[in-house]
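Quick one: the structure is below, and I'll ask about it shortly.
Chain nomenclature is as follows: A, B, C, D and E, assigned in order of appearance, with residue numbering initiated at 1 for each chain independently.
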């Protein structure tokens, strides 16, 4: 049900763009108005969400310490798993963001029959599939995104040309097949399949987990379609994109509707982004358990809303137990 | 405005995000201020002498088709010519053409810089056709002189 | 617990997912699987809302009429106060990495014990109140109203989380279910919903300084009886002081160490060590509790209980604080104490009076852990140890969750164990250090009516112990946490009989060669030592 | 004959668009597109080209045929035996016909330079081993072809060819070409090449360049399947030998002796 | 799991770092080869396959030898191999990985490597070789990985793994047979054109593979003090000797056929290899060394006492390994091109870049094998 709902949503989006352009000739809407709107919604929404988070303070130092603390000099501390300074924090965040350090730890638990009795015990097997799938997906997505800058820039920086060269390293077909396209499709498919086939993950999945998957799948698919199958006039696309970035929007000569479908799906993703779990992109930087140092015993962390509370003072305590304390020979402040 | 915490970090982060996200909009202002994007000139006219000599009405297919699909056509041609010995292309108007990049296409589109390179550069595409296929006499001469120069060095 | 199922039966956990969507699975309260509700008495003492007598199993929880508004408002307040809460509510992608990391999930197979789903119980309510999509689309966006059913669900599952943070180690965004559980419990307390085993000890701590409610003289008596035992076992007379002004160091330890087995042996260890090195220290009856049950209640309660430590240190004019073996005490000291009740400018930066080592890592809190202190002593050869006195023990070490993931102390205790004992064996790698499994009774769930679930929660840890018991003949689990010492005896007795529980300093106490001691034949528990043959006994003293 | 693109293009666009929307219809869309779009029909004929080398007419010291061929086909000369590329060249007879007893058999001497080139075997072992069909035997005319676009440079064909007719581009070919012929492509580094029987011109009834350039008329090119062709007549009326006939490759190059 | 392969003492870390440096050097020269063409190798028009393909051929044998552990353990329930089988599988993985890299290094147009899949040609042995090798590495990796995983966790081995093990048995025979067919089916290359090429390949594989494994396990024992069952070692050494004896036997068959029939084409290469031809004799010392070492190795190890002395056993294994490496590597492949199809003798000299690339590939292979071995040992120690 959840899957179907998400699938239909994405199909409707695609069909809307296709019909809009192919039959209603709304190129202006799908090529100019919506992309501009999407971009504005994206950056405004994203920034607003960041500010929304930033409006709340981090009152306490709640680093998760996954390695030895910095204590006695002769004990080797773990700079990255339990950072004692900004160097460690940067390292930790870097490993987390670029290499998914935490997912690398992932294991899979299951029950093992004991050889000696009738009882069972849990067993833990290394499981790097999510790490690998996630890493491949995010890296190829980033790669593709950067590669797309060839439509946005002129002259095209040599770095982007080099990226493209690597991506089309293997001469497969013409135009040459991009490896990242394959990796993206494979990894998104993997992420989808694990959501369907791992019972636990299926059980926790919401519609909002399937929508981005289908949306990205549809974006990749429409992109691949127009590159390899139904060709699109690339120069026309560049003309449109460059006109948008120079704030003098103009529609090019007829460009295939597949392009508009692709463009609209990308716009949809951008619009959806700030209001969805996709904000983990910004949020990962904001996670206090990872972006703080573990040295809160050495340096005092300040809580801006720290307020005084009702305590049971020693005076009250002594008043209450004076006789007993006297009996036990304990020193008293007031005799 | 409103109360916000870890301001410096947040603003730096947001600034970097905005800078990256809007890069396509501002890059020409700072980075490549001099070169404004120019569409590859759509009005370059091919030298049609070859076509006229051979009695063709013009290019083998219309412009929009060629712009979007020329590489697929050429790819198809190369397989047919080399592998299937089918060397004649009959277009939608019934005209017969010799399937040849250098022998047909480049006869009219003799200026590779204008007809191939301008768009390819604009779109960031580097075809490997010309690693083997030789374009135009001018280029051949250049190549020859280059080849000779290499020999001399050796 | 007569009606507990056999361990074989309990170990056969069913991990199949229910057919029903989780939001439609009803919350039930079976005996043995839930903690009793907070009682009117302690609630009143602490001044918490809605004191009353009630039972979670009853359909009517006697809530105040406007509980929903209170809760929603408090939720908003918490969001404004805690960035972590906001971020953790927003960014989970439900990748499922945390799902099978929770000891309660591993032990119960209940999907709502998957950290992601436990948090989703709260997230769904958050979405309804705080996100546009949740407000507009409701269920489609995974949002739902706060209702009495949802509250019951919260009660059940946020009291099946020991705030151990194991899941957060695996989360790619560091989402910490412990933080979410703490906030959820805090919100529930706002409407008078909590468990008695947390609120009771909290009120005791508040009034008497310790969670057992021991009055000053009881503490003194209890320590005195320990001194007698020490005398008879070692022949050494130890004279600790209480509430002494002008001592250099104030020593604070969980109150269970004064009173309950096996904590008392740990206490004997402390006393012997301090005597051995001639430390100028005092104990306090006012700040007689290291543990902080406020951590399981609310941030405010945590502060209320924590304040006593610095207050007493200031009153007694000590230079710095030394802390005993306790889990949540150290989570609080490490993460909250100087922020909440500091800066402790009336104290001095801690320096070991014996070795001269500057504990500069505790410059702000001025609170040093006994393991850090002892490791430093051993490193500097300041204490005399006879390792062979622990030879009758095959030891494994349990990393307590708060000490490991809430502080990061892994090496010090291992260093100490290796210096005081000959037989040390690690449990499987996936179950120790930062990946350690909780005892299943932490965060105030150490109550008898909850035994069945506690045993399930401890299943993962106990299985690892069983593994080293089977492969290496391990017969002692050492842990630096009072809750561990309270929970493990019954837990291990159920899952892996034959393995005892001890604190770290008990092992040190066994190994310490005291000045003027008599020849020891028994350990601090009066168990016979494995003595070497007579003629070579001198040689083993190092 | 199918008049294709212009008419069907719009249809295809729509189809592919819809397929894109359906997402999973990918392979189908590829099929619709990949086949037939640029198809054109061509006639088939049963031809097997071959060549007769009249060793009696071939003049010693003359390399006109090789020069013409190498010039026309942009065959590089790297001036190194290791990297050399040869389509057609001369080789002492004893290398071509190793199983003769030159002391007794008298038609030609052991060191007499003989012309050699790809035999365009009827049963080529090089074709059998190629993993990508970059070299294959053309059905229309029996020419053993090379597809330089497809060759992966594994050199299996070189190991399989019993005649040493194949060369590999160990070095950058353009560096070894003194004068480029713009009408024929050069090769790229890392592919195998060899004589192609001038397939680019013989379709129009012309003879291969080597045949054209031979002033002595020592080379005859033609259809071995046509009993009336000149080459068949020559072979009928003259004694001829083939290289390594025992291997069963059935060369299409004959030596008249 | 894999991260455990990187945990070790400083010696181990330096070893890995050293391998990485050798690999980096190889990569540098490979980049140059990509840039300048295969002309920077010693290969030529006449000797069109050289050191790369030699190593490839040899390593296919090493890979195939894993079957000699799998058969006794899984088919005959020879429990002594319990702890060794996985090392054989890792060795196979490492060896096939190197095979693949050697093929990539040898290709003129590696960027078109996928053409083999895009234009599948069932008639080409190379197409099948590519398929069986890829399949073999996949099977061994998946089987090894999953058995180790279940060893680590105690969780049951997934049901689909067992069938894969059984498939791997004929598959191992398959990879070496198909590789032999690369050579054995070519007209005009007389050294290769022999019906016992595949059996010879297998025989030498069953000698060289176990020899390699014995040496590796010895190094493992010396450096990490991880030991496998002594009975397993003894069985492994017997397999090696039988393999080598059969190998030598097959080789002498070739001599008989060539010299008794007295067919020049059949004789010439053997003449070149053992005695020199037309004044060319570059390979003669190598080939003679190979023969001598092989024979000494076998004779030595025929004695049980020698086999049971660890040092001597390893020495014997080393002799056999070197012998088969020279024989099946250089002599077989390069010898096959001499004399050329035009009857000329062109000799082959390996170049520095070619050697660097080859060493780089060996380094990558050793790196992989080290990491996998270490991972296994570390995991077994932690249980």
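FYI, a residue touches a chain if its C-beta (ideal position, glycine included) is under 8 Å from a C-beta of that chain, and two chains touch if they have at least 3 such contacts.
Because the structure is predicted, anything quoted here is derived from the model rather than measured.
Undergrad: Check every other chain and keep only those touching both chain C and chain E; list them.
TA: Touching chain C as well as chain E, we find A.
Undergrad: Starting at chain A, how many touching-chain steps does it take at least to reach chain B?
TA: Minimum number of steps from chain A to chain B: 1.
Undergrad: Count the touching C-beta pairs: is D-E or B-D ahead?
TA: Result: the pair with more contacts is D-E.
Undergrad: If every chain is reduced to the average of its C-alpha atoms, which one ends up farthest from chain C?
TA: With centres defined by C-alpha atoms, farthest from chain C sits D.
Undergrad: By C-alpha centroids, what is the most central chain here?
TA: A
Undergrad: Using mean C-alpha positions as chain centres, tell me how far chain A is from chain C in Å, no decimals.
TA: 33
Undergrad: Taking each chain's centre as its mean C-alpha position, how far apart are chain B and chain C in Å?
TA: Those two chain centres are 69 Å apart.
Undergrad: Could you tell me the distance, in whole angstrom, between the mean C-alpha positions of chain A and chain D?
TA: 56
Undergrad: Which positions in chain E touch two or more other chains at once?
TA: Chain E, residues with two or more chain partners: 109, 112-113, 115, 118.
Undergrad: At least two partner chains per residue is the criterion; list those residues in chain B.
TA: Where chain B meets two or more other chains at a single residue, that happens at 5, 69, 72, 128.
Undergrad: Can you pull out the residues of chain A that are in contact with at least two other chains?
TA: 54-58, 108, 110, 121, 124, 171, 256
Undergrad: Report the residues of chain D in contact with chain B in the complex, numbered from low to high.
TA: Touching chain B from chain D are residues 1, 3-7, 9, 37-38, 40-42, 79, 136, 138, 140-141, 145, 147-149, 174-183, 185-188, 199, 203.
Undergrad: Flag every residue of chain A that touches chain B in the complex, lowest number first.
TA: 42-43, 46-47, 50-51, 54-58, 149-156, 160-161, 164-165, 171, 174-175, 231-236, 238-239, 241-242, 245-247, 253-254, 256, 282, 285, 304
Undergrad: Could you pull out which chain B residues touch chain D in their complex?
TA: Those residues of chain B that touch chain D are 61-62, 65, 69, 72-73, 76-78, 80, 82-92, 94, 102-103, 128, 131-137, 139-140, 143-144, 147-148, 150-151, 154.
Undergrad: Quick check: in the complex, which residue numbers of chain A touch chain E?
TA: Its residues touching chain E are 104, 108, 110, 112, 121, 123-126, 128, 169-173.
Undergrad: Per the contact definition, I'd like the list of chain E residues that touch chain A in the complex.
TA: Touch list, chain E to chain A: 1-3, 109, 111-115, 118, 149-150, 152-156.
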